Amino acid sequence: MSEALRVGVAGATGYAGRELVRLLARHPGAALRVATVSTPADESREVPSLRGVWKGGFRPLALDELSALSAVFLALPESVAAKVAPTLVDAGVRVFDLSGAFRLRDAEARKRWYPESPELSRDGVVYGLTEMHRDELPGAKLVTCPGCYPTAALLALGPLVAANLLAPGQGVIVDAKSGISGAGKAPSTRTHFSELHGNVAAYGIFGHRHVAEMEQDLGRSVTFVPHLVPLNRGILETIYAQLAGGVTDADVSGALQAAYADAPFVRLTGSTLPEIQDVAYTNFCDIGWKVDAATGRLVVVACLDNLLKGAAGQAVQNFNVAFGLDEREGLE
Amino acid sequence: MSEALRVGVAGATGYAGRELVRLLARHPGAALRVATVSTPADESREVPSLRGVWKGGFRPLALDELSALSAVFLALPESVAAKVAPTLVDAGVRVFDLSGAFRLRDAEARKRWYPESPELSRDGVVYGLTEMHRDELPGAKLVTCPGCYPTAALLALGPLVAANLLAPGQGVIVDAKSGISGAGKAPSTRTHFSELHGNVAAYGIFGHRHVAEMEQDLGRSVTFVPHLVPLNRGILETIYAQLAGGVTDADVSGALQAAYADAPFVRLTGSTLPEIQDVAYTNFCDIGWKVDAATGRLVVVACLDNLLKGAAGQAVQNFNVAFGLDEREGLE
Amino acid sequence: MSEALRVGVAGATGYAGRELVRLLARHPGAALRVATVSTPADESREVPSLRGVWKGGFRPLALDELSALSAVFLALPESVAAKVAPTLVDAGVRVFDLSGAFRLRDAEARKRWYPESPELSRDGVVYGLTEMHRDELPGAKLVTCPGCYPTAALLALGPLVAANLLAPGQGVIVDAKSGISGAGKAPSTRTHFSELHGNVAAYGIFGHRHVAEMEQDLGRSVTFVPHLVPLNRGILETIYAQLAGGVTDADVSGALQAAYADAPFVRLTGSTLPEIQDVAYTNFCDIGWKVDAATGRLVVVACLDNLLKGAAGQAVQNFNVAFGLDEREGLE
Amino acid sequence: MSEALRVGVAGATGYAGRELVRLLARHPGAALRVATVSTPADESREVPSLRGVWKGGFRPLALDELSALSAVFLALPESVAAKVAPTLVDAGVRVFDLSGAFRLRDAEARKRWYPESPELSRDGVVYGLTEMHRDELPGAKLVTCPGCYPTAALLALGPLVAANLLAPGQGVIVDAKSGISGAGKAPSTRTHFSELHGNVAAYGIFGHRHVAEMEQDLGRSVTFVPHLVPLNRGILETIYAQLAGGVTDADVSGALQAAYADAPFVRLTGSTLPEIQDVAYTNFCDIGWKVDAATGRLVVVACLDNLLKGAAGQAVQNFNVAFGLDEREGLE
């Protein structure tokens, strides 16, 4: 094996950060050198799940240290990522950013949803939905990894939009059920165990910034309602759309199969609908669907692990593709 | 207090049946006399949660015994309820049926979705969505209690349809998240703990018979996708509809407030969306909503406890109204 | 019915406080007049589960207002209860305190485990384990309600100790599994949903103050290990003890049956071991046991709902007995 | 890399079997050739979690086919394993048996707890608690992998017994909290989701056959009470023992550290007690402890994933050691 690429993780003790550390510490093509934390108290704190996995400890974020690496993964708040990423890019480091700071191409939209995000040049910025942008990744300077909700929605609908299978001019509805790890590690009343056990709660209706990210790539309006469901890891999205006239179940099936014929992490389940339990703790996105032939109504169900395919896993997948490694390396 | 009404429960050891026994054993206006089971083995089986609550034991279903009562609650499979109910009605017993056997008015629809259901006369049959049919209940011979899913959807949308607030000719989407007790007490792979913990699963797309029940009262097409979520009691429905031109949030609010001003078990939460935890183990149905003024899109969220307001509780509520008792008796 | 007793709840928006409000708002023998909160922000905050149940709002704690009532329930931190209770007692109010401030009779122990607790006179103070102190309750000025863990342990072991059935001089082990609501409503990393889903965690080994409360009434050493288990309401305790020579299963059974023959809220399940699901949302404590005849080893399993029989429910039960009402009033 | 060893899994669709397939399909030193099922219907059934992981399908168990392999993993009922294993051993196949059929060395004990188990020669049979029997594994013909409960208990207590740190002649208590996957995939009322959500249940007191397995290696009596807790994967055991006179916390710590200095899958957490969440989906067993110096009471807490370190993972670990591979291969 050729020499491993030297990499670092910034924001290593958040939920996505821990997954990055876990994946990269064992990645055969990567040598994890630095894991940084933002709070000094976290430097000496032990992450129990990483005992025996990552022995390198946690250090404060130092840009010069990170600048000496081949690649850096950012699992930071938007405002911090927005500052750190350009410096690293300028230093020639390949950056894989898990925040939303760079996802929106439109400056107006970015200002509305990510006001902390800079007016940076988008030269070399690639939207890291691996399956859709695989060819652009090797040339990327900064890979802006998609949000967990958009990853599922775009993988499910992207090929159907591209093949013009959806009724033109009509919006789609994305009803998402999400595990709680997506809310991060900071305690709050909303994420207090007693407030979620035996509970389901909708939130963010008409006001979630992932809508902009979905609409950006789908080119149509999206009604998006996320829900907290009492589990830890995984998202299931139930997507409602109207097919264009004459479009059949076979057309839907054909478009999806063509899109993912060579995608190791997208599994099409056909009319057997996918479930969170089969993707949790994996990098798979499973997609199934049903068509009501009489009315042309389409329901697509897509699910993934929000911390893996929806965050750290996809970031590593992008890293693999960007550096010419096997796409699956370190992810199985 | 006047003498308590003599009542019985048929099918007393299923999940809805147990709730009926628990509620009626303590109901100040009812004297529970008989609780029947269908399986001889169940006669001697103890239901731990009813220890110290119901000491009358369980007996096999005997029509002559039930015929001597003032009211009988049926928590039976459709095919059994379809046979038992007419006999009891003929004997002058007021019947409160929790099965689907009598819910659909249209004979064709009934034949399709409930083939075991009889071609009975519908004289004296009242659809027991209490808030909508309160005035008909005192004259009812047989109250056919709504399904758990339709109860939430109809309470949420009924007043809006009645006030012509929804865009004409357009369907609505009902995305439901249901606790597992709705599947009943029979073990199966689908309801095996290990298959549901940490999981969400959609089922019954385009083929659930509750759709017919919703469409019957809403007069428009319904796309309904129920999901199993990992909790025991409660349903949350996220309902997507398009408002008619010019209809505002205030119109929606006004219609719902007018409809439920005197309804003790419907709580309107406005733009604070309701959650399952606040209705579980109660007979409440909580309803909240959001309107996107720019596009006229409406999202209504309704939730209830599937075994109470969605089954046993609503049956007792109907019993109270039918016999002129306080609607809340035995339900608080 | 005679006129209802005027009561108040101090600390009404904590988890135990909400249960007190819910129970007392519907209690036929009590008229809830005041519900206080400690944080001004909580005064205008709505508790969704109390919508339609308690319409009296929340006010700041005012001693003169509470002093005009017949009884006040305190669901306050120890340090606050320790200050408030004596004043109310002096004003002639019957106080039902859910905190630990007054539970320990020994001044040394109290100083160690509850340093915020006063050196008050213990005249008129009754330890409110209802089944054990029923006769003292009518004369009580201050009822110090037991902790949730001691309630289960003492109900399980008390009659066996009293009948000298346990091997003298030997300690007992109490291994408790508790739902998370026992930790209260304040968010923390420990009670963050993602840290408890799919998890079990022991805590407080050799250092939990409920040990002193158990030892006080059992007169022997207790090794107590509580665990957090991923559910919201309920405690199950598995208790290990050695029987005295010659003591049989029948002796154990006899002692427990004699103790609880007239106790409406203790259910003995014999060798069928009790489970949390049958006591959650009730005021029951269920107790079962197994004896290994060859070795004299005894395992007792006891369970209850920590917010009801372990807190608010038992407080109301004490209130009922103290005022000569039916013990079950408002609790079914 | 040298040529991969040809292996098979018998009983591939049970919960432990699926984990074996998942691990071995990706194991760099093993070439999974055959996965068998016992029910013909299972041959064509898809295991959704294995989509894209194992493409070899499922076949009926054929002894001649398995006999051509280097190693076979048996995830079968005891009665079937008891019949299959000797045949494979005779054919020269290294057998890794996950059932209990061969675990007990004493013929009397085996007859009592595993009456279906044969009076086979124990020549070449090694008890596969890897950390304790690492040196015997290379010579093993049949590795009888420990039960999930004994694995945790023996790893926690074994070194303390070996160092004579426990009070002689005194029994230990093992209070176990287990996720539901340990009960297997067959639906039952006991494992019905609605019967376990929000529940804890003790079972098998004084009658669980894992007691014999613990006592066999500890040489002292064990009181063992397993409990079902509402999660899927993982076991936490709280173990109560009395230290011998003069034994200190440092002695306990020293014995455990010496025992596991080179064990990659045992992590000692000291007085920070381990939790299930940190071992779930891993092959780690985490062990922590507390000593009450004044009384010599010891509490040890050990946890592991019942399907990995408690079943499939440990079997693969044994396979690695038996064949001279890196102990961690395929397990990270």
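We call the chains A, B, C and D, going by the order they appear; numbering starts again at 1 in every chain.
FYI, contacts are C-beta pairs under 8 Å (C-beta built on N, C-alpha and C of every residue); 3 or more make two chains touch, one makes a residue touch a chain.
As the structure is a computational prediction, the values presented were derived from the model and not from experiment.
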{"item": "More contacts between chains, B-D or C-D", "value": "C-D"}
{"item": "Recurring contact interface, reference A-B, options A-C, B-C or C-D [over half identical by residue number]", "value": "C-D"}
{"item": "Between chain B and chain D, centroid-to-centroid distance (C-alpha), Å", "value": "46"}
{"item": "Inter-centroid spacing, chain D versus chain A (mean Cα positions, whole Å)", "value": "36"}
{"item": "Rounded Å distance between chain C and chain D, as computed from the means of their C-alpha atoms", "value": "40"}
{"item": "Contacts with two or more other chains, residues of chain A listed in rising order", "value": "195, 197-198, 230-232, 275, 277"}
{"item": "Touch list for chain A against partner chain C, complex", "value": "15, 180-181, 183, 185, 187-189, 191-198, 230-232"}
{"item": "Contact set on chain C toward chain D in their complex", "value": "173, 175, 177, 179, 195, 197-203, 205-206, 221, 223, 225, 227, 229-234, 236, 238, 240, 273, 275-277, 280, 290, 292, 295, 297, 299, 301, 303"}
{"item": "Chain C residues within the chain B interface of the complex", "value": "26, 46, 48-49, 51-53, 197-198, 264, 267, 269, 272, 274-275, 277-278, 281, 284, 286, 332"}
